[in-house]
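Pasting the structures here.
Look for chain A in each of the two complexes below; its partner is chain B in the first and chain C in the second.
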Partner chain A sequence: MSPRRNTERRATASTREPRRRPGGISPRLYGLPRGTTTLLTLISAAFALFILAPLVWLLINSTKTQVNVYVTPGFWFARPFRLFQNLADLGRNVSGAGVYLRWLGNTLLYAGIAGIGSTILSAMAGYGFSRYRFRGANSIFYLVMSTLLVPVSAISLPLFLVYAKVGLVNSIWGMILPSMVSPVGIYLMRTYIDASVPRDLLDAARLDGAGELRVFVRIALPLTVPGLVTVLLLTVVTVWNNYFLPLVIFSRNSLYPLTVGLSALSQGAETGTKANMVPVLITGGLVTILPLIVLFLLLERYFRGGALQGSMTG
Partner chain B sequence: MTQGYAGGGFRSAGRRPRRLIGLAATAVAAVLLTACGSGSDTPPPGSATGQAAGAGCAAGAVPLTFWGWPAGYDLAVKEFNTTHPGICVKLENAGATTAEYVKLSDALKAKSGTPDVATIEYFEVPSFEITNSLVDLSKYGVGAAKKDVAPVAWAQVTRGSAQYAMPVDLGPMALYYNSKAFGRHGIPVPATWTEFAAAADKLHAADPKAAITNFDPESTQDVLALMQQYNAFPFTYGGGRKLGINFTGPAQTAFAEYWQKLIDKKEVTTAADFSPAQWSNLDSGVNAARLSPAWGPVGMQLNVKKTIGDWRAAPLPQVTAGQNLSGNWGGSALAVIAGTEHAKEAAQFVQWFGASQDSWKILSGKVAGAFPGYLPLLNSPTFQDSTLEISGDSKPNAVFAKAAQNMVNPQWPPIMTAALTQWTSTFAGVSKGTETLPEAFRTYQQQMVKYAKDQGFTVTEG
Partner chain C sequence: MKTAQRASALHEPASPVVPPRRTRPARGSRRSQWPGAVFITPHMLALALFMIVPTVYAVYDSLHRTRLIGGTTYSGLANYRTVLSSSQFWDGVQRVLLFGVIQVPVTIAIAFFFAAIFDAGVVKFDRFFRTVFFMPFAVPGVVAAMMWSFLLLPHFGPYPQLLKAVGLGDVDFFSSGLITPTIILIVIWEWTGYNMTILYTSLKAIPREVTEAAITDGARLSTIILRLKLPMVRPAIIMLLFLNTVGALQLFTEPSILAAFQPQAVSFGFTPTLFVYNTAVGSGDYNLGAAAAVILALLIGVLSLAAFAVRRRNGEFR
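Presenting the complex of A and B:
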């Protein structure tokens, strides 16, 4: 663990260096007139508001009763304060639609396993495409990339039929296995390794007698930590938000991830059933996004390091 | 109601399936497939089996899988399992309405993973009937329940001597109005649609912010229910490959022009049904009435505050004075799905569910709050005299129960899934104000006729 971190720190530090140098950046940002910077700031502030407003709404309304969600101002609190009861309701089966906490657990499981699996597979595939020459390498790479072009709606039924044949319907593996293969992850890792793992270094290791596996695990991987974290984050977010695949393959609500579970709740709440489902829906929505925010905050410096690294050296 | 499903789906679903193909080619997957082999058919530790509603059945009981989403069905299933030890029903929520139908038809095509029993709304029954996906219940003696089921519900699930589903609940419509707002502006309860338009004029003149009701052009079921009541139901279907579609006849055009006029004058709002805007309009006095299905008030009283106690039910305004027609919005039936190995037990279950005192005690209770198509309850004084907080000491159920007896059977076409999807996009312009309702009807007529012909139907227009 420690050598990777050191490499990473150095990489990040070096890209940040120019900012710290006195006089490196003029107080007038990149020499733009003050009016322009004010305008740009205002525009970004407007975008920030646009993005943050729904989150603020979620936060405020998760403290309300169902009726207050509808009849009190959306951006201010109302009595009674029900946040804790709403949170407690997440552990109950409010309407027969299922238990929120179970869906949260499922999502964590699917996103966790798929994220780690996808990172490992992408690293291996990206390394292979980047550092080995073999017959058909480019064709296979383009084949992998071309899969991005097929619209998923066109193949939902064939997908289901295949799943039914191999027993992946209502199986957690039906969700996890396909999520582990990420063309974008492979592309990112290939580009990243192209840019940040010098061939000479690998050759040097080979000369010193390291086997291919050892070269990959001990030399290449530690140099690609920011790339790995990027792929991990991307996959976790994609699986976390994935709606279509679980919708197609799961018919048991005990297997649902949050996306499908919440939409089931939403349907129930919309069509005017009697249970108080709206607060669960809103509080559930809030709790759904928290883990992603935490994950981003924890891994942000790796993620940013990765993005910058690519742009500087590539 | 269902567009959220499809819309949300395609965005994030980007690249899954190709991954499967990619995966097959990846040698590394071999390791994982080993894991899959042991896990594929079993749910993750401690899941499904332990918690589903069927838990705790006797060993040797006939297992039935039941797909259903309405609230409170789990409680009724539990009751059935307790009182019928030989059968063990397991309830699964496989999604609501269209989401479930898509899953069901996928499973039917795959001939794998179909439930024994599924909740199907009345409008969708012909779509599954025509693909031979439903078991004819008449062979299992379910017809004995006919005398206990509202005729309009029974008619929607039968064709000739065949019975394709067991009706459960209904959604007859009535005018559900804010008596204080009507009183304040001196508006009499309208008996005809002409009087209703006059009431709308009067209300809007007195309070320019107010609109008598909400008309959501994008809500297919709502609009079709109102058309049904207006003698303008656009479909005719009697089984087989012949289908009538008519959105442009005199009655349909009159219906469209009637509502467009109110929309133009801003005398009705066009918020989405069940949206926060609709609830706050009803509570703030912007809307003085709701054209509400029978199951509406129970949910509505959780969503309004200031006007609790002010709402009264009256029959829907009529096209011709002296008539007494209503339309149906919502409600569903239970169908036994083809391929089941336990059709007899499934038939016994659906008959119990739709037409027994025991099940209706739960279904009409606080959690489920379904409106009965079950006559012994529908006609009982206890049910008709019951009160709701939102309606003060009035008896809305009596009005809705009467409406349930006054409905013409709508002949649902076997292409409702496509009809619902197409409706939302065609009618979006009406709520935005970029097109009129008669225009949308004309466009929709062409789209539906083309679709039905492409599907091999012989289409009659007009």
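Presenting the complex of A and C:
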């Protein structure tokens, strides 16, 4: 794939996709019985309802009091309207389990640093594998690809065992550094650089006297921005949603990310007697997923279009 | 906790890992190649420190026994014997196998159904539906399980109330008989859209000429989808089978959140990962926990080898 085609594809992807793409086949050609389209659309709508219902429920119930969550109809609003009160409660230590806002800050910190770190590391490694042929490159690359199949969560307990030995339990770096390791990122960046960074351009820069690092930063990196965004998003989503690793390595609630904090809250909310934890749990859940949903709707093409197509052309 | 693993599939299904091409040396190939090794070093170092070292250390731990008095001693396979003779461990293994046997095919079947009809263009507003279906990908398992716990809460939840209203009586979704189907429901909610997206992309990659030729031959839509397109996206389906199964074997987040709502329904070894967690972190028995983790990892390793072999036989891998 030439870089030029790549730019074109991005240009079309960012404009609104027409419902019937010019290359598509008209559904009339299938000679379907009348009403088939309507029927299939209704089935799709039913499944969409199944998917959307919990999210709508979360939105509605973040406006309720604790009692009303249980005694009023789940899919409709009830007085009093407590959304702002509930949001304010996120800043208080209602349960003794910890403060939600602290967890939000932690998640932003972990996801942010790990995301940026893994993007830089993956870009460098992808570039090294793609544009140099040093000794052992192939075998190392195969080793990396074989770790692609290792589930990250399978590493969490071994990490905990090592941390217990070297004193990294309850250290934020114990969370951030392993999250930077991204075999997927290496694979993706390598594929992307193979496709969109012409060797001749790099050689020309070298002839002009640019050093290797300069060639990478000034010439190669700007050409790989869509790939970088995809790796960044993937890591951020992975860290944001990670539950097992922080659960295992953190025992202090001031270090919890949102996932572990919410799970601690939910345990208190159901078993404890402390008042007003359910609204915090529900509103907290809403605030946890909103940033990702917004990010996803804004950058959908990177999430799937870009990410998936990137692999097709590899 | 499945996210990371499954996220990797975003880049996988359609194209198996491409081996580095042995290209003709480019102009300027006389220049030194060592900077390449420098570029990959930081990431390789992190990979070694945070993936390979812990794995080796877990194996070491699993072969030892730590006592308060006497310190750490080599204990051979004793920890493995203890885990393998634990009925709780096998209970969990059985449960995730049953869970996987139902959840994986159902998820992929629903995903393929929607991917195929969206791909054929016979559904109105398909773009909207594709966006909605994929949305749970952005929802952490913790929040998904929490929402569903409230929705299904006996007596109070909207869904049990709905079932009661239509005359099905008081359904307790958290009872020991229904807890596994309930978790299946939640996982289907979480992952169908993701599977659908992968399959949709694979289907879109099939040249339109193939479909046009079939239409000219008078093939029905269902024939085109099931007999023509389904075999063509087999690589993607095998990849998804593998990823979903690995995810099922590692089931942890959903049951551990449900445990908060219904402690009696989710036991110590409800799933193997819960067993590992409760043994190592809960009870502080690192050695036994490590042994259980290694057994689980071996199980997953065997599976990935199987998936690899199938793809290799199909000529998709090198």
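The criterion applied here is as follows: the second predicted complex is superposed on the first by the 232 of 314 C-alpha atoms of A that agree within 3 Å, B and C clash if a C-alpha of one lies under 4 Å from a C-alpha of the other, contacts with A are read in each partner's own complex, and residues count from 1 in each chain.
The definition used in the following text is that contacts are C-beta pairs under 8 Å (C-beta built on N, C-alpha and C of every residue); 3 or more make two chains touch, one makes a residue touch a chain.
Keep in mind it's a predicted model, so treat the numbers as computed, not measured.
Of the two partner chains placed around the shared chain by superposition, chain B is the only one that A:172 touches, whereas chain C remains out of contact.
When the shared chain is aligned, chain B comes close enough to touch A:253, but chain C does not. By the document's definition of touching, both partners, chain B and chain C, reach A:162. In the overlay built on the shared chain, the residue A:109 is in contact with chain B alone; chain C does not reach it.
Within the superposed three-chain model, A:52 lies in touch with chain C and out of touch with chain B [touch as defined at top].
When the two complexes are overlaid, the chain among chain B and chain C that reaches more residues of chain A is C. When the shared chain is aligned, chain C comes close enough to touch A:281, but chain B does not. Contact with chain C, but none with chain B, is seen for A:132 once the two complexes are overlaid on the shared chain. With both structures placed on the common chain, the touch criterion links A:296 to chain C but leaves chain B unconnected. Contact with chain B, but none with chain C, is seen for A:93 once the two complexes are overlaid on the shared chain. Counting contacts as defined above, chain A residues 69-71, 74, 121, 124-125, 144, 147-148, 150-153, 155, 157-162, 164-165, 177-178, 180-184, 238, 241-244, 247-248, 259-260, 263, 266-267, 270-271 meet chain B in one complex and chain C in the other.
Residues 66-71, 74, 93, 95-99, 102, 106, 109, 117, 121, 124-125, 144, 147-148, 150-153, 155-162, 164-174, 177-184, 238, 241-245, 247-248, 251-255, 259-260, 263-264, 266-268, 270-278 of chain A touch chain B in their complex. Of all the residues in chain B, the ones that touch chain A in their complex are 1-2, 4-5, 8-23, 26, 28-29, 32-33, 35-36, 39-44, 47-48, 51-53, 67, 69-75, 91-97, 99, 103, 106-107, 109-113, 115, 274, 276, 279-280, 283-284, 295-296, 298-300, 302-306, 330, 366-369.
Chain contact summary for the complex, chain C toward chain A: residues 1-5, 7-8, 10-15, 17-20, 26-28, 31, 33-40, 42-44, 46-47, 49-51, 53-55, 57-58, 61, 110, 114, 117-118, 120-129, 131-144, 146-151, 153, 156-158, 161, 189, 192-193, 197-198, 201, 205, 208, 211-212, 215, 220-221, 224, 246-247, 250, 252-253, 256-257, 260-261, 263, 273, 276-277, 280-281, 286, 289-290, 293, 296-297, 300, 304, 308.
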